[in-house]
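In C-alpha cells below, several structures.
Look for chain A in each of the two complexes below; its partner is chain B in the first and chain C in the second.
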Partner chain A sequence: MTTAPAPTAAAAVEFRGAEPWRRALRLHGWTIAVWLVLLAMVPYWRSLSQQDFKFDVQALAIDALPLCFAAMAQAVVVISGGIDLSIGSLMGVVNVLSAREMVDMSFRQALAFSLLLIVLTALASGFTGAIITLTRIPDIVVTLGMLFVWQGVALWIMEIPGGGVPIDYSDLAVGDLGSTGIPNAAVAVFAAFLIIWVPLRWLRPGLAIYAVGSNRNSAYLSGIGVARTRVGAYLLAGVFTGLAGLALSASSGIGDPNSGATYTLNSVAAVVLGGVSLLGGVGGLIGVIAAAYVLTLSKIILLLRGTDPNYANVYQGALIILVVVIGGLLTRKTRS
Partner chain B sequence: MTTVPEAIERESRLRAAQRFLVDNPVIVLVGVLVLLFVLTDLVNRNETGEPFITWNQLSTTLLVAAPLGMIAAGQTLVMLTGGVDLSVSFTATAAAFAMSWQANNSTAEGILAGLAVGLGIGLANGIGVGIFKVNPLIMTLGTSSVTFGLLSIYAGRAFEKVVPDLVSTLGSDRFFDYLPANLILWAAVAAAIILGLRYTGYGRMLYAVGDNEVAARLAGVRTWQVLVLVYALCGLFSALGGLLLVGFTNNPDLGLASPYLLQSVAAVVIGGTSIFGGWGSYSGTIVGVLILTVLGSLLTLLNAEEWQRQVIYGSIIIVLTAIYARVSGSE
Partner chain C sequence: MPPPPSGSDAMNDEAPPLLEARGVAKHYGPVVALRSADLSVAAGEVHALLGANGAGKSTLVKCLTGVIRQDAGTVSVSGRASRPRSPMHAARIGLAPVFQDPALVPDLSVAQNLRLTGSSVDAVASQLDAMSLKVSFRELVGDLPLPILRMLDLARALTHDPQLLILDEITAALPSDLAERVFDVMNERRERGRSVLFITHRLAEVIATCDRATILRDGQDVGTMVPREGGEARIVEIMLGPEAARAEAEAAGRKEAEVPAPVAGAEEEEAAAVLEVDDLRVGVVQGISFTLRRGEILGLAALEGQGQDELFEALAGQRRVEGGELRMEGKGFRPRHPYDAIRRRIVLVPPDRLLALLPQRSVRENVSAPLYNTPLRWGPINMRAEGRRVRRAVDALQIDMRAARQVRRLSGGNQQKVTIARWLASGFAALLCNDPTRGIDVGTKRQVYALLRELAADGAAILFFSSELAEFPLVCDRVLTIYGGRVTAELPGAAADEATLLHAMHGLEADEAAA
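Coming up: the complex of A and B.
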C-alpha cells in the first residue's frame, strides 16, 4: 500500500524491461482499442444517416447517457470484486420517484431534489453492500434479491408510466452547451468521470478498491479495511446509479417503473467490453464509457438499417453474450 | 458427581437434535407449511367465514403448485452446481408459444416443439456456462433477453393459438374430483429427480461439481459435460412447466410465466438448497414450492399488490440465505 499497489503496478513489474510505449500499450491497449472501435463505427453510421452530424452526435449522446452512468456504477462494483444486478431496478426507483415529485417543481427545486436523490441512492446501494459484507452472502444473491425489492418499490411509487420533469431540467440532458453544439449529455458523463472518479482513483479509496478487487486476502494483509472498501464501492456505485436514474428522467421526461429493466444486463456488457475483468481489480472507467457508446451506436445503426426494433433487441442480446464470451476467454488467457 | 455427565449428555442431545434439524431442513419446513396453512385458514374464516383447509382447497393448491414445481426442479439442479438460471420464465413462455403454434399440425408435434425449444435454450445456456465459462447469471440473463426479443416478434404475428386437449387435460383436470392430473406428472418427475440425485453417478457428480469444481475435475469428472447437461435439463423442465401452465390458463401470452422466475429461485432457497452449490435436495424445494403457493393464496386473501409480493419474495431470498449461511457455517 506504501508504493503503488494498483493492479496496473502488478502488471508493470512483469514488463519492467520493456520500453515505456509498450508498457502503455499493455496497460491501456484494450481501452484504446475500444475507442478505436467507436471511431471506426462512425463512417458507416454517417453513411447510413440522413441527418446532419451535429444532430446525430446529440442523439447518440442522449441515447447513451443513462447507460454510461449505469455502466460506470457497474464498473466500480466489478473492479472491487463484486457484481450488482440491482442497478437497473434501482435506476427505475430513482426514475419514477424523480418524475413523480419533480412534475410540479421549479428548476432549482428539481436540482436540489436531484442531489437528495443521489444521496439516497448512494445510501440504498451502500445498504446492499453492507448486507453483503455483514452476512458474507455472495454479491450475486443479495443483489438479485434487491433487484426484485427495488422493482417492487418502483411499482409501489408509480404503477403506470407518468409524471414529468421541468423543461429546463430535461434540457440538462437533451440540450447543448451554450449552443456550441457540444451535447450536454456527453459533458455530463465526462464531468462525472473527471470530478468523481479521477480524484478517487489515485487516492487511497480508489487504490483500495483496486487492491480489494484483485486480491482480497493480500489487500487485508496490507492493512486495507476490506469490508469498508467494498461498502464504499457500493456507495460510489450508488452515486452513479442515482445519476443514471436521473438521466433516464431527464432524457425521457417521464417516469416508468420498468424503464431500468434492460440496464442491468447492458451495464455488465459495457463493463466487459470496456476492459474491466469480471474477476475484479482490472480496468478503468474510461474504456467502459467508450463501450457504452459502442453498444448504443450499434443499436442505432441496426435501427438505421431498418431492422425491426424487436430484432434489434435480439441482435443486441446476442452481441452482449458474444462480448462476454470472448471477453471472458481473453481475460482468462491473460490471467493464467 | 453424576450431574456433570448428565448435563453434558443433555447438551450433546440438544446438539444432536439441532444438527439433525440442520441436516434435514425439510422437517422444519413442513412445520412452517402447516403453520402457514393454519394461518391462511384463520384469515379465510375471518374474511369470508369459510375454512381454507378443505380437500378441495388442498387439491387446488397442488394443482396450482405443479407448474412452479416443474420449473423449480430445473432450478434446483442448476443451483446444486452453484449456478442459477434466470431464463426459466421466458423459456417456459417460449415453449408454450411453440407448442400452441405447432399444435396446429398435430398434438404430438406441438408438445415436441415446446420441449425442443426448452432443450435448445437450455443447451445454449449450458454451452455458454460449461464450455465458455461465462458467469451463469450473465449467460442466462442474455439468453432470456434474446428469447424475449424473439417472442415479442413471433407472438405478434397472427397464427391460431391451439391448446390441445391433452395439454389442457394435463394442466387443469382432476381425476376422482381431487387428484390433479398434473400432480401425477409432477410426482413422476419428483421421484426421478430425488432418486436420480441420490443413486445415479450423474446425480452425485452434480453435488461434486457444485461443492468444488476444481476438485471434481481433478477427480476425473468432465465438469463441462455435467454443466451442459444440467442447463439442458433445466430448459427441458422449464418447458414442461410452461406446457402445464398453458394447459391451466388455456391462453398463451407474453407474461405467462413471468412471476415464476423469482418464485423458482425463492422456492429453491426456501427448500434449503445452498446457493453456493453442492448442498440441498429436491424434496426441500417441493416443500418450498408449496409454502410459496400457500403464501400466494394468503397474499391474495389479504389483497396484496404486485409490488408487495415482489418485495416479500426478494426479502425472503436474502434473509433465508443469510440464515442458512449462518446456521451451516456455525458448525
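Coming up: the complex of A and C.
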C-alpha cells in the first residue's frame, strides 16, 4: 500500500479530561457531603435535647459504635464487588461468645480473648469468601446461607440473653478518654480506620480490592490475584465484624443471640449513604463512618421528637432514599 | 505506514526461536477453540498472527500469556520450555501482552493503576513521551477514551522492555494517526533485536510492517509466509481456505457486475434527500451540513475525536442537538430519545456491538427486539410472522446460527451481523453505520460491504464511518472528511484514496493533497 507520509507523525496528541476541581469533587464530594449532612443535623438535635452536650455526644458515639464497625466491614466487601448479608448474625455470634466467656474474666484476659475472637471472626468471614470464590456462587447466595448458619450458632451458644463483660472492658466503649470528654467509642472507630484501613488503602492490597471491585477482568489482566484479593476483602471485613460484635458486648454489657439482626441491612444502608457504589470499586470508609453516625443520629432525633418507634423506620427509610436520590442527581450534574 | 521492514533474514539463524509453540490446543466443553497450533517467532522479527474470526487467534494468545491454560501442547521461550502460568508470570519471562480488552481498572487513576502493577510512573511517562502522547496520570481511567487506554497499555508493556511484545488487535480501536505510532514502536523493537507478535484484521498493515505471518484457520495453523511476497490476495486465500476463497472471488466478481459502486452525478440530482443536516452543532461538532440521499452511501472519514461520534449520537437521538437543523424526508425533527429516531426510520449500528445487543438473549430475540416497538401492538407477539422476518434477515446476512441461543457466544463478526439484521427485519430509511467493520474478519467485512451496497441499490440512505481508510473507495459514493468538528473536504467515492483522505482528515488544504 502506498501512502503519503502522515502529516502529523510528530504532532503530540494530548488528552485532557475533566478539570481537576471537578475530578476532586467527584472523588470526594460525596464524603464531604455526608459529613456536612451530619453537621447540619446537630443544631436541630441540640434544639430538641434537654441534656448536656457532652453527655449527648457520648451517647451518640456509644449508640453508633457497633454500626460503625459493621458498616466498615460491609464497605470493604462492597468495594471489592461483593455484598455480605451475614455480618449481623456473625456479630451476634461474637456477642454471645464474648459475653458467655468474659463474665468471669479479668480485664486483661478479656482483652486477650477479644483478640482471639477477632482472629476467629476474620477466619470465619474469610472462609465465606473462600466458598464464594471457589464455587463461583454469587456472594448474595452464600452470605445469605451464612446468615442463617451464624444465627443458629448464636442460639446454640446462648439461648436466652445473659452473660456479661468486666466493667473495665465495658468502659472501653462507654467511657471517655481520660477526662477530656472525648468518647472512647469515637476514638475506637477512628483508631480502627487509621490503623487498619488507611495503610492498606495506599498499598497494593488495598488498591487491589478497589481494582477487583471496579473491573474483575482488567484487574486479572493487570496481574492481580482476583480470588486471593476477594478472600482478603472478606477476611478484612471479618476483622471489622469482630470489632462490631465486641462493641455490642462492651456497650450493652450483655450477650443476646438476636442482637446482630438489625445490623446487616443497616450496614448496607450506611454503605449506600456513605457513597460506596453497590457495583463495587468506588467510595471509601470515611464517608461510611459519617453515614453510620447520620443513621444513628436520625434515630435519636426521631425518638426525641416522640415519634412512634413503629413509624421511625418509615422516616429513616425515606431519608436514605432522599439523600441518595439528591446525591445521584448532583453526581450526574458534575459528570456531564 | 513505516518503510518496509529490513533484515527479515535474521530469523534464518541457527539460534532457537524466541518463542516456539507446538501443538497448542484448547477446548471449552465440546467446543474446540484451538485444535493444534504451531507458532514460531524469531528474535528481532515482527510476526503477524492472522485468521478469520473464530480461527483461534485470541485463544492462542491467551494460552501464550497465561490467561488460560492450554489442554495440550508446549510453549518454549528462548529454547527453554516454560508455560506461562499467569499474565504476571508471562511478563517475568519476557512476554508482554497488550490485550484486546484494556487491562486498566476504570475506577482508579492512571497513577494508581501503574502502582497496582508495580510499573514505574517515570518509565511509562517517558514511553508516552517517545510516542508524543500527553496524558495526565491523575485522570481516572474511566474518563479516558479507548484509543488512549490502548496506548497507555502499550506504554506500560514497553517499560519492561519485553523480549516479545504481543499486540492483540491493538489497531482495531485506533485512529490512523495513533496506529502510525504503534507501527513506529514495532519498527523500533525490531531494530533493537526484540520481537513483536501482531494480531490484526487489517492486511495492509501486515504487508507494510510484518516480516512473517502465521495464519490460523479453524484452530490450526495453515501456513507461515512472508506477507510482502504473497500480497493480500494470497493471505486471504490461505486464511479462508482454497474453496472458500474461490467462492468469495466469484461472489465479488458477480457483485461488481451487478452493482456498480459509484453513482453517476446525474442520478444524484434526481435522488430524493432522505436526511438533511444543516449547520449541526453538538459537542465538538461546530456546524456540519450535508444531505444524505436515497440510494447513496455517504462516507465520513475522520481521526479520533473529531466529532463523528457526537454526530452519530445526535442523529440517533442519544445526545441532545445544541444547534442547527435536522430534516428527515423533508420534515424537521429533533430527536430527544433513540425512539424518536427509530420512529422516523433512522437506525444506528454503533461501534461497540455489545452496546446494541442483549448479550444473554437469543439471536431471534435480538433481531426482533425493534419489532416490539410499535405502540399499538399490545397483546401477544405473532411468533410466526416474527420468525419469518427474523429468518429472512438471518438468511440475508448468512449469520452462523450454531450458537444462536445467546448472542454473547457468537463471534464478533456474527454479532455485528446481528446488529444489522435487527434493522433489516424492522425496516429503515436511513442507516447510520459507525465503524461497522471494527474487529471483524476479512470475509465478513466483504459481506458487510456487499450488503451495504445492496441496501443502497434498494434505495436505503447510508451514513458510513470507518476507521479503516481503505474501505471508503470500496463502499462509498461520496466521502466527507471531518476535522475539528467541521467538514474539510467532499470527495467522490472513487477518488477517496488513502493519501487524499489522510491529508483532508488532518485539516490540510485540498491542493496540498493533490500535489
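Just so it is clear, the second predicted complex is superposed on the first by the 291 of 336 C-alpha atoms of A that agree within 3 Å, B and C clash if a C-alpha of one lies under 4 Å from a C-alpha of the other, contacts with A are read in each partner's own complex, and residues count from 1 in each chain.
Methods note: a residue touches a chain if its C-beta (ideal position, glycine included) is under 8 Å from a C-beta of that chain, and two chains touch if they have at least 3 such contacts.
Not measured: the values here are computed from a predicted model.
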Touching partner for A:20 - first (chain B), second (chain C), both, neither: second
Partner chain(s) touched by A:44 [first = chain B, second = chain C, both, neither]: neither
Partner chain(s) touched by A:208 [first = chain B, second = chain C, both, neither]: second
Touched partner set for A:142, first chain B, second chain C, both or neither: first
Contact footprint of chain B on chain A as seen in their complex: 83, 85, 131, 135-138, 140-142, 144-149, 151-156, 159, 262, 264-265, 268, 278, 308, 310-311, 313-314, 317-318, 320-321, 324-325, 328-329, 332
Of chain B, residues touching chain A in the complex: 84, 128, 132-135, 137-139, 141-143, 145-146, 148-150, 152-153, 156, 262, 265, 275-276, 305-311, 313-315, 317-318, 321-322, 325-326, 329
Residues of chain C touching chain A in the complex: 1, 67, 86-88, 91, 99, 101-108, 112-113, 115-118, 132-136, 138-140, 143-145, 148, 176-178, 180, 184, 204, 207-208, 470, 498-499, 502-503, 506, 508, 513
Residues of chain A touching chain C in the complex: 1-4, 6-18, 20, 23, 27, 204, 207-208, 210-211, 213-215, 217-224, 281-282
